[in-house]
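Next come two complexes, and both contain chain A; in the first it sits with chain B, in the second with chain C.
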Partner chain A sequence: MTALTFNSYLFLFAFLPVVIAGFYLLTRVTNKQAPALIWLIAASLFFYAVQGPGYLVILVASVLGNFAILWLLLRQDPNSAGRKWTLALGIVANLALLATYKYTGFLAENINTLLGTQLKPLPLVYPIGLSFYTFIQIGYLIDAHAGQAKRPTFLKYLLFGTFFPYVTAGPLVRSGEVVDPMDTPARERTGGQQLAVGATMFAMGLFKKAVLADSVAPYATSLFQFAGAHENIGVANAWIGMLAYTLQLYFDFSGYTDMALGIGLMLGFKLPVNFDTPLRATSIIDFWRRWHITMTRWFTDYIYTPIAANFMRRSVRKSWSTALRVLAVLCLPAIVTFLLVGLWHGSGWGFVIWGGIQGAAMAVNLIWREVKLRMPSILGWLLMMLVFVSSLTFFRAPTVDTALVVLRSMWFLGPAGNTPGQFFGTAKVFGAVTVVPSLLWVFGLMLIAVFFRNTQQMLGNGFGGISEKAAIWQPSMRWAVGTALVAATALVFAGGASPFLYYRF
Partner chain B sequence: MYKRYFIVLAIIVAVLFAAVGFGNAALNPYVYDKDEIARVGKGLAEGKNLANYDPNVDLRAVRKAQIEAMTTTPDIVIFGGSRWQEARSEIIPGGHRVYNAFVSNDQIEDMMALAQILDVNNRLPKAVVYSLRFVSLQPVADRGTYDWKDWGPEYVEMSRKLGVEPVNYPTRAPVQQWSGRFYLPALWDRVQQVSLAKHEPMLTTESETETLDIIASDGSLHWSKASKAKFTRKLVDNIVEHELRRQGPTQPKIGTREVDLLGKLIDWYKAKGVKVYIIQSPYHPFYWQEIQKYPFGKTLHGNEKIALQMQAEHGAFAFNHYDPAPFPNCVPEHFVDHIHPTWECMQDMFNALPDLVTGVRR
Partner chain C sequence: MVLADVFASVFEQPADSFSDASNQDSVSGWTSLRHVALLVGVENAYGIRFSNAEMASMRSMGDIRSALVRKGVHVS
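Right after this comes the complex of A and B.
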């Protein structure tokens, strides 16, 4: 089946225009909300069905199952033990589904290594976006149990669980961000402004993905191919390749998010921001406030805070020493949370190690802050970059062994390599000027990632606390021309469509 | 206010998008201009050769146009991927009329489509040579290639003749071919190429030029002197290393549906009195030696088994020659990369085969 990703021509020229046109038509010809809602649900189910055979069955089963549990939970007395059991049942069922598709292979592999058994992984194909729609639904159940989410109608919940802008790769929305707005008639949530801002945001996202991320991607691929073959890399090439991967990941995922937010806005939903110029962060704490914000929020609210609060209560009750309290209240929750973050991204030791490094760095940063030590911003930025970029070796490499080859090269422990021109290749422009494209791309994209205004800062519209007045975007001729250039460039780069990195998580 | 914003935006996007489309079409007439392709097909059928900047033309469209314009029927039709590109008629013993219909990324649907094109034009040869690469029998859902969709209509027609259901339209719609026309990096590369070119593409009687590669009237490729100079031993060694790293760890599947289709196609040819050969072309010696250590090697051996299965069950003639060892000229100097042998190597292989028309061993 032909791919229907946000950057494919089928999506851009057929699916999206038809969905938006149908939605506006339905919201304008009738005052009833149901037709437009059903239209969006149908579009979402179609979008997901096209992603892969059999995927739709799993999504629909998950959404129907969660709605049934939610319905039961909201009928029970808020203080009853049964309500807690219903919540537990919902969480366990969701995690079991996720584990079945995502972790049985990893588990079998490790049991086989430890016990010498011959267990085989289940012959299942991982459905795109399972981690995302499982987690948003767990979040809904927890919020409903805490009285922070209201009872949705079946149609509203169906859209919440399947909405195509975020079902494959987020953002990890909260119930209130999707279900609550539906109380307001769609006609009042949509119009020229939402279409203009949404389309501009979408164009910027497409540009990030098709032009920036895809252009720098080959250098990361080359690095890991050489590392996989245990060839000499050298310090400079290792850093160029890893910076290329960091920038690819950032522009790919934040580009996808911009597109998701843009579509959401055009359809009357203000989806939550996921990135806030993270590569400008001056500490690892700061970084995780800016990178994949909705995932950090999910893990903070449902994992980190409950663990930290629990230890805090114990430390007060049992009068723990300061050192023990710091370890239990600050370090342990951070490390546990990020180990789970790593596992959420993928079933492999590389992801666990990557999560462990983030957790350890976060713990050190929390202690640093606790003892009120100071560091110049530039040093903080450098430290954050060194830690994050180095840790991504485990995130990207197919094996821990390959990650270590890259890591050793980055930290002067590997053999010397060729020059970047020999390693990544050179290009001759019109047969005259020889350039090293890898260096140009990495340098140029770093400047954009660190110094440019991000999409929210340009477009405002209430995102990230930036009001419309503070936004620099205006529906002016100048912006129309600029946006058109961005959109057109993105479109003519999107001809060779490539998948989004976060689809696999 | 917003209306004006959208109108300006839409107009500029449409103009720039169309400009790239027109640019690509103008600079790639042998890909996008049907009339030009028909003219070239006619010229090739009349015995002329096509000289172009490189072999990046829509080979499927050119093949179809040439077969439609043919006035005589070839004795042998060779069909494989670009690894067969240097199989020229003079290296095939027996003095037969040979047409090399190689394309890029040959797959089972292409084999079916070619049979359809030959059949409707009454050009079915006495013998047809097919070949298996890792993509040839790969399940549709696993493929990273889409070139076969160019011959979608012919594939559908042949499916009907074989009594099988073709894959559905969304799967075979040539979306990537449509979108490729609007791909800016391709235009950028072509503009540089055209601006630096010393000669214009043309139909010619020459079989080698200084800078333009030739697609000969027998379908084979003749590199220009400039292209040949690029294939240095160092370059080839680097490509071989790169491909080992890239492909080695993968193990592409062989689809049961695709194997079944191949069997049915061979039966169809047999019923029409056409001999079917399944011949694997030699790999670069170092690549072949090293790939045995990787999962990818298992797929290649799987193809060899399928060829033998087709021989045993459907009466095809199988010759598994991935291994270059028996052929004295299949040495690194006679490869342009890991999989593409030069004609000298291919000649050794053809000399080891029986006469393809009579089936008699020499």
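Right after this comes the complex of A and C.
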């Protein structure tokens, strides 16, 4: 697919070192901010251009279009109707671009099923990251309209819209997190400590991706291949395979995010944290506060809050009954929000069902919390895991049919299967290790995901390293050797054709 | 009308524990649902209405105060 991903040797040994070296050189030889800024923009455009043919045209069109709308919007009087319409135009244009590339195939398929027509999907290739940079920019427009984001210069906006650490898979930054730091000269935001902490974070991320995530991936792949062929699976194999997928998704995406944040830090930006040990969450509400945090934040801000507030207003004005209030203020906004979260991930019924399950679980959890019921943490954790891992069948499977095969097996409704040894016989960890240690490996990864300190906790939650009390990171020989070992191991396993899972979304 | 009083009643904490810097990360119990209750509470207290875009973009007491000021409301 693409050659220039964070875990490719081309990126690790050529692109990233050159970009960082050039950036530090430019910020040290001149006091002007523009050269280094232009350098990062050029690097970002190059990075995106090589992801796929024609992708750059779409990114540049999107960023220029959004900047034009932003410029138009900020010229108008804060309370004018014109400003409101400009915002509406901006949101519609962004969603139209996204829908054209992401949802027309799904739409055509459903119309064909319903009406028996023969519509063909548009012959378009989905450009990596479109969901991400579209939503980031919609956020900017809404914040600017509400007076909560300032007017950027053209160059600063160009970097905001295209910055390579997050353009392909997030985090979904807010305007202030990237544009505001640029008020401080880059030289003051960068230096030895940022390089050391950033590189450590990057190494940990690469290790999570190349060693941890990629090692359990074959289990998930095997499970869904057998399920797709309607072969007998059995309860144990279904759970082992689904736990492997859950861990793969977690280490893949949180590894990617660590790398993104590490690069950001080395280049003088503290990008927002995306994961906070989510698999330790003790409820589904808690889980969504810890998993893909910037996405949850986006949907909470821009979708959930307005919907829930409108219902709450109405419920007060019209004195709704308690039952109706619970339904409209607690349940409905959560369900609608998570259905959209599902659709944002991809165009298919599997994603809608997956989102619907999250929404329904959130609604139950919200009611539970409002009536102040309690349950032991361990039970809460178990319930969270059962719901989330089960729901991931729809997230991972190519079709709803395949997801149901796995789900039935997980919940004792499918036929008995072979022993795990026979079932996963061909899916060997690291392509070599045999099955019994592999099962221990899944268990071991689960322990790491639940009990280990996460990257931010090691490096300081604001990932400032030694300046933060919480951090255990030190610029010491022990940390240097440890990080070098982690990086070396990761580099041995990196470089293969293993794209990040979130590149699809 | 003191803005911190609305905060105090929604979060059940003393009014003087809030400042313009108070936000979802610094105030315990500032859940997404309480956030909505807070915004609707502020609307009712000052007799104004926030637009959807305003509601989506307010994340701290300072944000809410500046949104009120933009609406010409006198806030103390």
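The rule is simple: the second predicted complex is superposed on the first by the 483 of 505 C-alpha atoms of A that agree within 3 Å, B and C clash if a C-alpha of one lies under 4 Å from a C-alpha of the other, contacts with A are read in each partner's own complex, and residues count from 1 in each chain.
In the analysis below, contacts are C-beta pairs under 8 Å (C-beta built on N, C-alpha and C of every residue); 3 or more make two chains touch, one makes a residue touch a chain.
Remember, predicted model here, so these are calculated numbers, not experimental data.
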Partners on chain A (chain B, chain C) - clash or fit: fit
First (chain B), second (chain C), both or neither touched by A:P78: second
Chain B versus chain C as contact partner of A:L485, first or second or both or neither: first
Spatial angle chain C-chain A-chain B, Cα centroids [nearest 10 degrees]: 170
Which of chain B and chain C A:F275 touches, first, second, both or neither: neither
Chain B versus chain C as contact partner of A:Q148, first or second or both or neither: second
Contacts of A:L87 with chain B and chain C, given as first, second, both or neither: second
Chain B versus chain C as contact partner of A:A308, first or second or both or neither: second
Greater chain A contact set [chain C / chain B]: B
Three-chain overlay, closest Cα atoms of chain B and chain C, distance in Å: 31
Chain B/chain C common contact set on chain A: none
Parts of chain B lying in touch with chain A, wherever the complex brings them together: 1-6, 8-13, 16-17, 20, 141, 170-171, 173, 175-176, 178-187, 192, 195-196, 241-242, 244-246, 249
Chain A - residues contacting chain B, complex: 1-2, 8-10, 50, 53, 191-193, 195-196, 199, 225-226, 228-229, 398, 429-431, 475-477, 479-481, 483-485, 487-489, 491-497
Residues on chain C engaged by chain A in the complex (per definition of touch): 32-33, 35-37, 39-40, 43-44, 50-59, 63, 66-67, 70
Of chain A, residues touching chain C in the complex: 78-79, 84, 87, 142-143, 145-149, 300-302, 304-306, 308-310, 312-313, 316, 329-330, 366, 370
